[in-house]
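What follows is a set of notes on a single structure, which appears directly below.
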């Protein structure tokens, strides 16, 4: 109903009204004021800026140990990424999706989780998976096409990552619903990309999580690109966090290259969930510095300039300035840590090489709890084929 | 990034920071102010209120002829609905979905359309379909299970209505994209319910329409219920129009029982589309006065009180007050019009009865442009079966 | 033993499973306050509360997708899809997560869930309300699919499906929902998934049907015996995937002739698969080509013509005579 | 005649169709600026502009759903689904609108559109990137489905599919994309949808394959002739729906023996359907059970083991010998 100040009600007007409707409706800007519904706002957060300056009032003031642990994890993630690429180029690794430049987004989102919480990632999640306890050699196995790599480390509630864009977000929501139903305090973090935001299943998940007040933290990793499609073509809104509002989900847009911002936002989201208040949407604004996957050639569709500009926003560099200024770590430490990570990764590569044995006789396993007879028959036929070929 | 007034940047802070992150993140309300992103607002429109009072400043001042035409259409819709229910109860009609009480929403949304525009409705759309030129007897045939009822009247660009909730909204968006591609000025109106708003396909349609600036008017008929699920359980937001904002679509929430409001909102949306500005979302707030379908018993899940309260908001009653006050029609006219509509409907029923002949030999038709041989074979078998049974 | 319709029997199975295992929970559109549009879940909300009987928003993809998550958490969700036609909305979640999560997680997350959906024609419904697409599920690795034909086996099969550690599509022949009553014992009763039942023994011709088609098939079988001297062995398939190949092969090895009755479209259907298996395993016993009395490869017709589309006893009898006539 | 890979041949077909009919337009993820992840649509954006080559947001359901609308408007959309595994996301739109709109509108809105999707294994891809689910489409009333096996027939079939007034699922065997080149004539070439091709004539055994399976089948056929004295008639099915039953039946009526090679899961598959039809129409000619060399009813394995899963010439040869051994 329009506000009374703007227009006057009457019981019947007597003016002659011969004009056609298409004419009488005045252009939007000439309209009298009408009543409107305020949509509110979303938070926009940065704590550690591109220059490594910190917003003191917002600094979570983590302990030295924590800060060191986080730093090491970011470095490890990057080194792992680089090593994987080298292995891929040398033919020892399958197609994989590098997370270069997204280390802060990755680690920040899982930082507030404990082992009993759930983490349901997309495929570009090395940093978060390593933080959660996935092994370096396990991830290598997985991307090298060995099924064993999908074995979930004992003791943590993680799901296999999802290859089908957005398809894991509804199951993740179901995990949150189940936690709520059982009265557990666990929360669920699930991540997905700007591209994934176009999937209907993701919008549906927003709605279910919101209706059931499920403790789900939706981390929308806006890294600017979905393969060759820039975020500007993916949606008509610049801030993907706006989506949450339409479903009644508190939403925040964070500088995803700011590890402190990511931690604070994720913590806030986790607290919200644990308090029984339902889901939270965290849009992490970051950038895919590398190829989409090793099968992709970004030169075809994006300018080097754009990538250059983002180099200045590197999440590790700015965090190192912060650590250096705080007197926690110095350049020598950074070099040492880099080397230690490298060494660990090379060690893992040896383990991977030792484990990298295809097990073709396993392909029928793990499908059903008990193999039905008709499948056993197919398996026997398949084994006969392997026998014939002399395959173990 | 937080506002400068609220917090101070420094290059490194020296305070000891031993607290765990879970402690340092202060509860939301104690946080310093942060920068926020304003989500704007949505328009909330009513022109003709429950008492039949008009907001003069917003009255579209339609011509007498137009007003009469609209009134008659609303009456016809209601009478048709009532007659269909009677026919159903007498065993002459199949399960159908009454639109009782939603006459203003129905007719308002298609009012600005011309024949070349597209209309892609959901199943609860008698009013709009009749306005567009669908025949009374055709609609009867359709709901009585005769396939011929789906024949689209010549000269208008309407699609068959959709039975699968929300499934027509993407094709409707494709129609808009095509119009845009071809440089045509046509717009598309597509309607769907509060329940349908939960379908991922509908969210996807919002995004596609917005990205391609397709001239699609999404009419979300919020009639309070999706069978037994009240709108409050369907979503965690009260105003479904909020959804549009997350996709960058201008959105409006209209009193759907206010025919003038519906016309103005729809016209505004159509103008927007014709001007090449893209989609529009119109949430029409109305109420399903009757059963969901004739197979449904609302007594199981909703209180009579709620229905009673909505009786006072009847779209026809308030429009009649307006017309009476304007001196356009009087009570005698209303009675006459009611009778004329009744007579027309009974005439249509005769036509329907004459046409209501099952054509079992048609069921293979219209599937492919040319019937493939394997299907022809199945058809021959089927015909032999009909022959055997002595069915024409 | 009380006499029950299939609807009542299904309700009983759900009730008893929920009673004995608090991980079992239901979800779906209109299943709570309204008790389900077919009343299969009637009274269960009142008895078990909102946490275990969830009226959901209108989104099938969400219903199945979140149910998968709930199963990963350790619950045993039994989502209902209001009509099987709307399983299409959830196809991605069914194929990508419900069917695969156990495998993808190397057994860490077994998906013990049952997707219930009324299917099939014969109730004078509008478009999309009469489909039979069990072949989709049979073709999808990782699923099981069962279809009861009467109240008693409906109750037992549903219990078996809920107890099963793996994901089961439970197709309910809605034409049978209230068509007849059967004795259904009070105490919980189960049956093995993957086993067909010889509903009628015979020596001349094997007839295979499932779900709602069991009724015209059984009627035809009786008539064939009484009026045409053809002794039919009638098999109620019950489990579509896995399929009880052994029972089928044994029967056809005895009779040498086979007729399959289904309402689904013909191409790449369950009937096709049965023929393929008999060809492989009973070839030397086959006296005549196996015949399909089937739905056609067209869209299920509007309801004024559905009775002609659906296989009926007469058509089955004619087809059986054809099979018998082959030498 | 230039030598082309299948990718190039498909690009040529699209280019020529777009050139000659301005209603033809393309849409899909990464098909424009990037030219498609397999480069099938390379250069077409530059040539035809953004209105006819649409880089879309990441939403398969939208791609197919809006394409249906565009077809209703009178355009001829050719949407690409990046990998056939993601057609699951669009299943509802495929089954409910693409396949049915013509029927539902009583012919008023024919849906002349082609859904292109690379399918099948053999390129060392991750999960969901290697599926073959042509049986889903064959079982769905209202669709057509074709699968080329080499560059030349890919080009001709794609033209035929675009020219077809009805909706066609166009499955592209991605293992063949760059596997070999063939002469492909400059001038537009088409072929009839619904016709199989006898790729090799023979008298002892009919072998039926399609798509990527034509290569191991052909290799096996050659070896069977050269090394085992078995004269194979090899049929390239090309059209899955409608299927060229006549050509198959004629061949098997001649040879009396048949072997089908497919990479899809076995149950309710296209191979099952072929067996069912041969049972019905060539029963009296069958000397031996028809055999399937098929993918299994499991999830397509991770790539280190896919070569063992996929049918290969050796396995085909062994199976052929089995069929021949039957008396």
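Should a chain be cited, it is by its letter among A, B, C and D, assigned in written order, with residues numbered from 1 in that chain.
In the analysis below, a residue touches a chain if its C-beta (ideal position, glycine included) is under 8 Å from a C-beta of that chain, and two chains touch if they have at least 3 such contacts.
Just so it is clear, the model here is predicted, and its values are computed rather than measured.
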Leader among chain pairs (count of C-beta contacts): A-B
Label of the chain whose CA centroid is most distant from the centroid of chain A: C
Distance between chain centroids, defined by C-alpha means - chain C, chain D (Å): 31
Centroid distance [mean C-alpha coordinates] between chain D and chain A, Å: 35
Distance between chain centroids, defined by C-alpha means - chain B, chain D (Å): 40
Junction residues of chain D, two or more chains touched: 56-57, 59, 61-62, 85, 88-89, 92, 96, 103-104, 127-128, 141-142, 243, 267, 296-299
Chain A residues counted as touching two or more neighbouring chains: 147, 164, 167, 198-201, 204, 207, 211, 233-235, 367, 374-375
Parts of chain B lying in touch with chain A, wherever the complex brings them together: 1-2, 6-15, 17-22, 24-25, 27-28, 31-32, 34-47, 49, 52-64, 66, 111-112, 198-204, 207, 210-211, 213, 233-237, 239, 241-249, 253, 255, 263-264, 267-268, 271-272, 278, 321-322, 324-327
Parts of chain C lying in touch with chain A, wherever the complex brings them together: 25, 51-52, 54, 56-57, 59, 61-62, 64-75, 77, 92-93, 96-97, 101-110, 141-142, 144, 165-166, 194, 242-243, 245-246
Parts of chain C lying in touch with chain B, wherever the complex brings them together: 29-30, 32-35, 37, 55-59, 61-62, 85-86, 88-89, 124-129, 266-267, 296-299, 301-305, 308-309, 314-315, 318
Partner chain C, residues of chain D touching it in the complex: 85, 88-89, 91-92, 95-96, 99-100, 103-104, 127-128, 133, 135-136, 138-142, 241, 243, 264-265, 267-273, 275-276, 279-281, 283, 286, 288-292, 296-299
Residues of chain A defined as touching chain D within the complex: 94-95, 123, 144-147, 163-167, 195-196, 198-201, 226-229, 233-235, 295-296, 300-301, 358-360, 362-364, 367, 374-375, 378-379, 382, 385-386, 388-389, 391
